[in-house]
Structures are given as structure tokens and as C-alpha cells.
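Below is one structure, written out as C-alpha cells; comments come after it.
As written, the chain order gives the labels A, B, C and D, with residue 1 at the start of each chain.
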């Protein structure tokens, strides 16, 4: 059994890791930390876990984590970079769900995240945990930087087009809609149901932190300079991301086949048959990305629709997928679930 | 024109007062206070008010309010009792939407609200602002204690039965469901959309602050000792309260007529025809209470359904109704709106 | 492997059976019927099942079902009673999620369901599939009548009190709130999001079909005549039932212990510790009933809160639990899931 | 008083017309038709109107409408074109909320709407009722074709840019999100809360009927050939449209001033100050379009955000605005409301 620790177990990605890991046949969740709730039983805060988890929250200290085989960071940005080095030194694998190690350009990271990087030496070593791109690098990695939720949905949608070089990469548009759980479990007026329910809005149109992460990922596979306009929106639901992606084709081709072939071996990316639209409910609670390919009126604008559950394939599920790869397990273990519909 | 001031203009009852008052033909909103946002234009925080309100938030100080004819307190409990005396001394009418002056028994109030009452001398003078019961006392009053949202829905449903003495008042049950705006515009995890959306729960089953207020109101009109079990619930919507009220009849009678006659002159209480159920959407945004009377299987249990919009008839609309009475205006002025359906 | 057939696979209980059964280690879903969609692949209608279910809808004819070991009816009322006899004659177990065999009194059934019973001979044999009451009768049964959603939540809440004889059974009140999926996947204006979203209402206050079912179940365990007022409500969410149950105690006792002991061996009924409220989100997608016991102000009114997911413990999950019992499997197989929170 | 008739009074745009008109000081609603509900009191179907509307539904026959000054068609497409000619012949103004007279190219209309046009002679005369573009033509008109909901939000967002000729009109993208009331009050599975709640999806990506209407409107003001990619989405809320519009600038300019000046005299178009995002809740229930102008990272892609309430500025409110113009009233009469927030 793999002994797993979760640092930051009270947020939504933390409790989602618990939901997945307590049923994972190869994992034992041995440590869950919370500075605020140390001493409290985990299932007292989260009654959905009663009968599945009998540990108590502990303080996020090295000594509490030292017997783990793997430690997940489900923390705000800026925490993993303080502890990663010590954990790695103990031979513990680190899977970071926050943004600390996602951006290779340290200055770019510091600009967007507004703090100094506390552990720049590990940035280069960290492997960006998008298995559909980096599977072979992930397997031997010690430190995984799990992609953000928006970046996962957007990259999986654009990748086949950029890898094939069939679009103008300089004028990409990603109009993306997220459920409110993406804002996390934080006491903020802007996330109240009275503020977000029955309403729809864009936010951070001037610039969102996921922009440099997406651009980096797209640039890595593109044969040209990538230019992206990324507009995130908040939609009145809890889980789900729907990316609507626009690009200009530079040649005629069978788009449907391009996508189906690119993802034919991927068990968590599902290209829908021509003419079927994606819907976030069809991936709710599952680790799947579903994609639909459209070419309205047969013109030269391609419209890709890509949906994920932001807490699963966009965070905790993808983290477990990475863990499975790192520990040589079947990539799907613990992740075989059918979306909760309706 | 009546010059109105609003103390605590950034919460939901405050902005709802603004929504109503900026269109009231006899009122000019001259002061809106906010400790946190003083100096900011009101319509910058609330873009829905652009073009209707050009004042800025000011500090909640007596000097800023001294030219008002009426001051509304849309504040947390414990604020109105600190300022009411000074305002009254200036000849300003005070309409308090908080709970400070609702309970006549000071010790009871202090027990439930967990603080010492700062202005006990005014408790007796304050008139409980439920016009359907106290209209004549409201008209000459200087200080109005507006009823809470739950108390309004529950009292209007039970009153005809208790006044007529046709039920056993010792075993009343009020199972009441509220939208989440009742929790206010406060940064609390429990009010996040991720916590309250797509879920339903009871809360404060052991005892809610509105219990003594409701009991006091019912006892005032009852011919017997009142015993009430009150269970509030949170329902995943923003506005609306639905009270389901249960009592045992002690005689046979025409319940429908009893209710229709009791409220025949009331312009904000609407008894639906027999067989039609109430629905919170049918009062959303309006100052109305709609009531349906049921006697399942013709048995001796009466089931009253009573709905209001918690922010209108349950708070700001009722406050304006009181203001109209106090200033000798048509009781409906500024309150003639049709619910927003769908 | 148990070969399972589902009659009526396009409704919400049908697709929920699929969600559970495609991951059940002992079951192969070999037949899914739909009169309207025969010939269509199941996963074309329900893309959430892509990769998990490769059968097509077939017509609901005996010939298509004859190789099944068990057939589930996820049909409107009135269908199972037409086919049950033929299936049983072939040695096939029948698990009916509709109401056809729930009520032992045929005339009562015909009154509430407005049709003649087509198969009265089997009514007596059918076992009411509430394992927490009838486990031993379920195991050898050929025909299971699965409880309705409201009846499951209400009975599990009242049972310990009635079995112990500690309440006045003649004045029970069940104020129950359901998500909209309980109305099924039917094209009806009353179930549109524009009609049910952001609104709350009671319905069928005069009499709901689940009333005789609940009363029959409670009467079976009570030592006295049972009288119940049952008021169902529609709450603006998709899944979940919250029952708020009221009764008068006839003696002093430790209610918390009563409930904990009654359900100590039940793996799908979870009595929360004193002081914790239930919340439908904590059972969403799981086969669990969570119960909280309250005695407001230490009075003689007991308030029981009981939540289930109406599509799981209230329908398809409970059906699989029954199947597990009938086939001698671990009662929990295929049902070990953690609720989807948030 | 203007005597108004509403043909098709049971749908959402019909009941929204009623909500507005019953409070309009210059209008008396004298006829409301419904084929299905003729004979029923309007307020029996819509209890929100109790006390405001005492007419009954009548059959949609000319004889019932002949005393009206104006008739609104809140009908499905294909009805207004059958009755308009007769009504006009009686001197009655016709305001059509359906699509019958919106498209000037008859063949184009017939292609998208899948029927033959029954009244082609009136197509040329009909005035497209977008006052911000056609105010002077609307005033003397006999027949108004009210714009669709999507077309209103999209056109108001793109117009200043196209009129000024500052963008490349051949590569416009409109990514638009609508609440579910846009689908109307029709018994369809796809509009159930269980299908649309807690989920987000695009639809009709291959081609939506509003595409030719939007293109026609944009082309009328553009100095170049217009090419538009229009992707509508369904968002889990009842009211509101949020258009996110993308275009490439062909020169540097002060976009904020361009928009503020273009709409400085428009009372129902509100350009927000730089840096404030729009939110559909801020126009809910009001006849306003709020617009925000963005130029991410100072690049050459302009992002316009435009929100309306689809049932008000996107349908019934705009219809009343047109009526006010046609009858020489203040354009704002009956439309002075503040959005319902929260």
C-alpha cells in the first residue's frame, strides 16, 4: 500500500483527493494536514467521508509527513515550494496541485503570482503533470506540477491542432466557463451563492494567472509563435469547466479524424462523434475530458468544445492519475467512475 | 420629499431598500452609510443602481444623518440600539430592520442575541412593524422594529387561526425554508455557492433567534399558551421563504373563509383560492405574502403554506410599508410591483 | 456474472442503475430496453456511459429478456405488473422500482394509482425491498417491490421510534423536500428549470401516492394505529431528499442511543453524532441514509432529519442492494462510493 | 389609455409583457389570447398577477382583437405572419416578438425557419425594432419586428466598432451564453431542470437561427463584408444573456470613449467604467444592456462584454420600448425598474 499524505486537506481539491483515494485499492491515506483544524477528525468536517476515513487533521509539519510515500499539496499557491525540497530529500514523491512549479520561467511566475519563488532550484526538475503530453517524463519524476483546471481543458482542446500545425497559432481564442468550486473553499463575498447564483459573468479579462501556463503548454507543442486571448467566466454551477476554443484553419483536413487519432490511446480523453455536443454534466465527478470538434458552416474557423470536471481531471483526479504513473500502477486505478448524471 | 438615510447600505437589505426607495415618488435617498466603503459611489459597488443613485457612502455618524426625516437601519444586530436615541432626539423617525427592538422581554433578548442591550429604555416604545397586526400603533410611532423574515411568514400564516381560537396553540409546528440571501452579504464559508448550491439542510434545530420573536407575536393574539416547534432550513435559491405550518383544529369550520375574511382588506396578503399551492417565485421581488390553506384528507390537521420574498415583505419592503404608514402616505407607494416570474 | 436486464432504461432511475451496474464486479448489463429508442446505442443517449456500456436499446419484449438472471423495472407505474409473471416463470428474479407491488391492499393501490391491478396474484408474494426492515425476507424472494424515494427517507427516520413505542403514532408529521429528478425524465412544463429553479413549493398537500405506502410501512412496525400528515415539497436542486419528521414523545429516553443502536449493523444508514445536522449533499450519489436526532429545547417534540439521494438509496442503489441480497453477494458490492461533495 | 392585446399570453415573453404592461401608466391590457387556456383567468395560471390583471384568456381571433390599439405577438414563429395583415388593415399597430418579420431576405428566412413565409408583402415594410439603431423609422411604423435576444446583445456590443470601422469585420466571434428561459415555456426534456441545472453546454454550433439576423444587422452598419462565428451556450440560470465578443482592431484608439459617446444618449444602454465587468444579475428584470470594453494586455484583440435580460431588453421590454416610440410616449414609460439584485 502506498502511504499518502495530503497537505491542505480542508479545501475542495483536498476533500476531492480524499473522495478518490479512500477507495483507491493501492493507497492508504495516512496523513491529512490542516493548520486551522488540527486535532479534528476529518469526517467530522466532511460527513460524506464517515466510514471511509478515520484519521484526524494534523499540523502540516515535516515530522508528520515523513512516513509517507507520496505527499499531495492541495494548498494555496506558495506553500508547496516551502516544503518540497525537504520531502524529496526523504525520498517522498511530491505531487503539487498548486501553481508553484508549473511555470518554467521564474520571473514570469513571480510576476503573475506576486511573490518571490522560494525554491527556484526545483523548477526545472518539476514535470508538468499532463499525462497526455508528458507521460514518459512523469513516470520517473520525483516532483509533479499538476496543471490548473483551465489549462487542462484548453490545452487538451488545442493540442491536436497545434501539433499538426493546421491552425494559425497567433490568434487563438479561449472563451472558458467555470463552475464556482474553482474559486475554492474560501470565505469571500464574491463566491457567495447570493452573488454567483442565477448570474453569469466574465472576470479577469485583463489577465488571468492561467494565461502564462496555457501559453507555455501550447508553445511547447506548436511549430510557431502562440498568441492567445483567454477570457474566463463564472457560471452558476458548482463543478465543471467548458472551454469554447476558436482558431483559424490554414488548410482543409478531416478534423474529426485528427482528434480521434490523437487521443485514441488516451483513456481519459474522449472525442465525441461528429454532431454531438459536450455537456459538463457528462463528466461531473469523473476524470474525463470530453471533446467535440466543429467547423461551423464549413468555414475556416474551427470551434473546439472541451469539458472537464475542474476538481477531477482539472485537479485531484489528474493528481491521482499522475500518482498512478509515478508508482507504476494502472493509470486508471481509483479513477474508474461514471459521471453523476443527472 | 422625505429625506431618507440608510445605515448599513452594503448588505442585502440595504441594497434592497435602495432598489425600492430610488423609485419611490415621495422619497429622496440622501444618505447611505458604510464604514468599509465610505467615499465610494453606491452605484460603483452596485452597478444595478447606475442612473438611479448618485450618492456616495458616508460614515455612519450622527452628523451625516441629521438632515434626514427617516433613518433605516439595515445593519447587523447591535447597531441601531446605539444610535436610535440620538436620532429620535432630533425628530428623525427610526425604522430598524435588525432585531434590536423586536423583543419586549429584555432578558430574553439578551439571552438569544448574546449581548447586553444598550438602549433598554426604548424597547417599550418601539412598535413591532407588522402592519397586518399593528397598523394603528405604527402610524404615530417614532421607532419601528421591523419583523424578521421568518417571523413575518410564520405569523401571517398562524394569526387567523389563533385569533379565532380554532387550533390547539400548544403544539404548533413551523417547518420553514429560506433562500440563502437570508444569511446576508457576509464572507462566510457556509454561504458559498459550493456549500449551499444543489443541497438542502435544516439548521439551528436546537434553537433559532427568531423563535422568541415568533412566539411573542403569536402569544399576543392567542387566547391560550403558545408552544411552537420552529425548524428553519436552507434551500438552494437566493430569495424566498416558504413556511409550512401545522396545527390541530379544535373544531370544524370553513378555513378558507376564515383566512379570506381576515385578510380581505390587506393589500399585501393574498389568500389563494382553494386548491392552488403557493410558490416562492410568485412573490419574488414583490412585497406580498401569499397563503394557501389546506386540510389534508379532511382530517383535523390544518396545513398552512405561506410565502414571502425574505428581502421584501421579510425586510426592506415591509420597512417601506411601515415608512408609508408613519408618514401618512398610501401604504402601497413604491411597492406596486409584480413578482419576477420566471 | 449475473446477467441483468433493465426495462425502461432511458429514465433517471434507469440510467442510474446503469451508472451503478456497469461498475459492479459481479454484474453484466446485457439488456436495456426502450420502446422509443430501440436500436440506438445507450451511450449515444447518455455520453457519460461511453466506454462503459456498449449495448443498444431493445424493445421491452420477453424474448429479449429471457437470458437474464434478473430484470429491473425502471418504468412508469403499470408496466412491471404486465411482465412480472412471465419473467418469474422463466426463473428470472424481478426487481421493480415502480410502485406496482408496493401496496398490499389491492383496492388501496387501485384507488391511489387510478388503474386496475393487472397481476393481483403476485401482490402477496412480493417482498417490500427495505433491507433495514425485511432483509431476511428479501434474500429468498423472487419479486422485490423497491420502496419509493419519500417512503425510504421517512420510514428510516420514524422506524426506531415506532418500534420502541416511544412516540404518539397517531399524530406524525413528515415535511419532506425533494430535488426535481424525483419527477422523472418526462417532458412536462412543471419540471422545466424556468419553473422549478430559484423557487420552492409544496405540492400534493391534499394527498400524495406515497402516503399509503409510508403508512403501511410504519403500521407494520408500530404497536398502535398510525396517523400521518405527509407534505412533499419541490426544492430547486436535482438530487436529494430531506425529510423533517415530527412526533410527540410519550416518555423520556436517550434518543441518540436508540437510533445508534437500531442502525449499528446497517451499512447504509448512518446516524450522525449529536449536534451535527444532515445535508443532502453529503449523500449525493451514494446509497446512504444519514440521520440526525433532535429534541429542541429538551421538549417533548422529537425532530428527526433524514436525508438520502432519491435516485440511489431512494431508487436504483436500493434496487442493487436488494439484488445483492437476493443473489447472496456482499450487500455493499457496487455501492461503495463516497458522496460527491461539493 | 392604449388598449393592448397580447397574442400568445401563456409563454414567458407573454407573461413578461403582462408584468410590464399592467403597471404601465398609459396602457390597459384588454385582451390576452391563448388557444389552450381560453376561458381561464390569466391570474389563475399566473398567481403573480393576482390583483393586477382580471381578464381571461380568449381565443386568438381577429374579432377579439379588433378594439385594440396595439397587438403584441408573443407567439412561436409562424403565427404573426398569419394575422398581421388583417390587424394592420384595422389600423392596429403590430409589434411582433417572434422572428416572422426580422429577416429582409425572404429566402434566407425560409431556409432558417423551415417554412414558407405567409405574408411576404409586409417584410419590406416591417421595421426592425432596435431603437438604438432605428429609432426614427420605428416612430411612424405600423409593424415592428422586435429583435431576438441574442441579436440584441450581440449587435449592441459590436455596433460602435463597426460603425467606426475600427475592426476587421470579416472575423467576428460572438460567444454567447443564455439562461434557460430563452428556450420558452415548452414541454421539452432538454429544458428540464434535471437536464439543464448544474451543467453548461454549447448548442447549435453548426448554425443557429439568430445568425442571419445578427449578420443582417451588423452588415447594415458596417463598411465592409461581415463574417461572424456565433456560438450559443446554455447556462444554468433562468434569465440573462452574456455575450463575449471578439474582434481584431485595425488601428489604435480610445475604445472606452468610442462606446461612451455612441451610447451617451441611450437610456437603456449603459457603458460601464473601465475595469468593471458586467454581470447578468445587474440587469435582471430591467430593460438595460450593460457593456464593458476590454483590450487584454493592450493587444489588438478587443473583447466586448454585453449583458441583457433576455426576457426584457431581449424581448418584452424592448417591445414596450418600441410601443412607447410608436405611440409618442416617453421611451422609458413602464420600463423604469432597477434590476433585482441579489
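We take it that a residue touches a chain if its C-beta (ideal position, glycine included) is under 8 Å from a C-beta of that chain, and two chains touch if they have at least 3 such contacts.
Note that the structure is predicted; figures quoted are calculated from it, not measured.
> So which one's got more C-beta contacts, A-B or A-C?
The comparison resolves to A-C.
> Considering only mean CA positions as chain centres, point out the chain farthest from chain B.
A
> Roughly how far is chain A from chain D, going centre to centre by Cα mean, in whole Å?
39
> Please compute the C-alpha centroid of chain A, do the same for chain B, then give the distance between them in whole Å.
Here the centre of chain B sits 45 Å away from the centre of chain A.
> Rounded to the nearest whole Å, what is the centre-to-centre distance of chain A and chain C, using the mean of the C-alpha atoms as each centre?
Centres of chain A and chain C (C-alpha means) sit 36 Å apart.
> Counting only residues that touch at least 2 other chains, which ones in chain A make the list?
In chain A, the residues touching two or more other chains are 12, 181, 185, 194-195, 197-198, 236-239, 278-279, 281, 284, 342.
> In the complex of these two chains, what residues of chain B are touching chain A?
Counting only chain B, the residues touching chain A are 12, 180-181, 183, 185-189, 191-198, 236-238.
> Chain D touches which residues of chain A in the complex?
171, 173, 175, 177, 179, 194-195, 197-203, 205-207, 227, 229-231, 233, 235-240, 242, 244, 246, 248, 275, 277-281, 284, 292, 294, 296-297, 299, 301, 303, 305, 307, 342
> If you look only at chain C, which of its residues touch chain A in the complex?
Interface residues on chain C, with respect to chain A: 12, 15, 18-19, 22-23, 44, 46-52, 181, 185, 197-198, 238-239, 267, 270, 272-273, 276, 278-279, 281-286, 290, 336-342.
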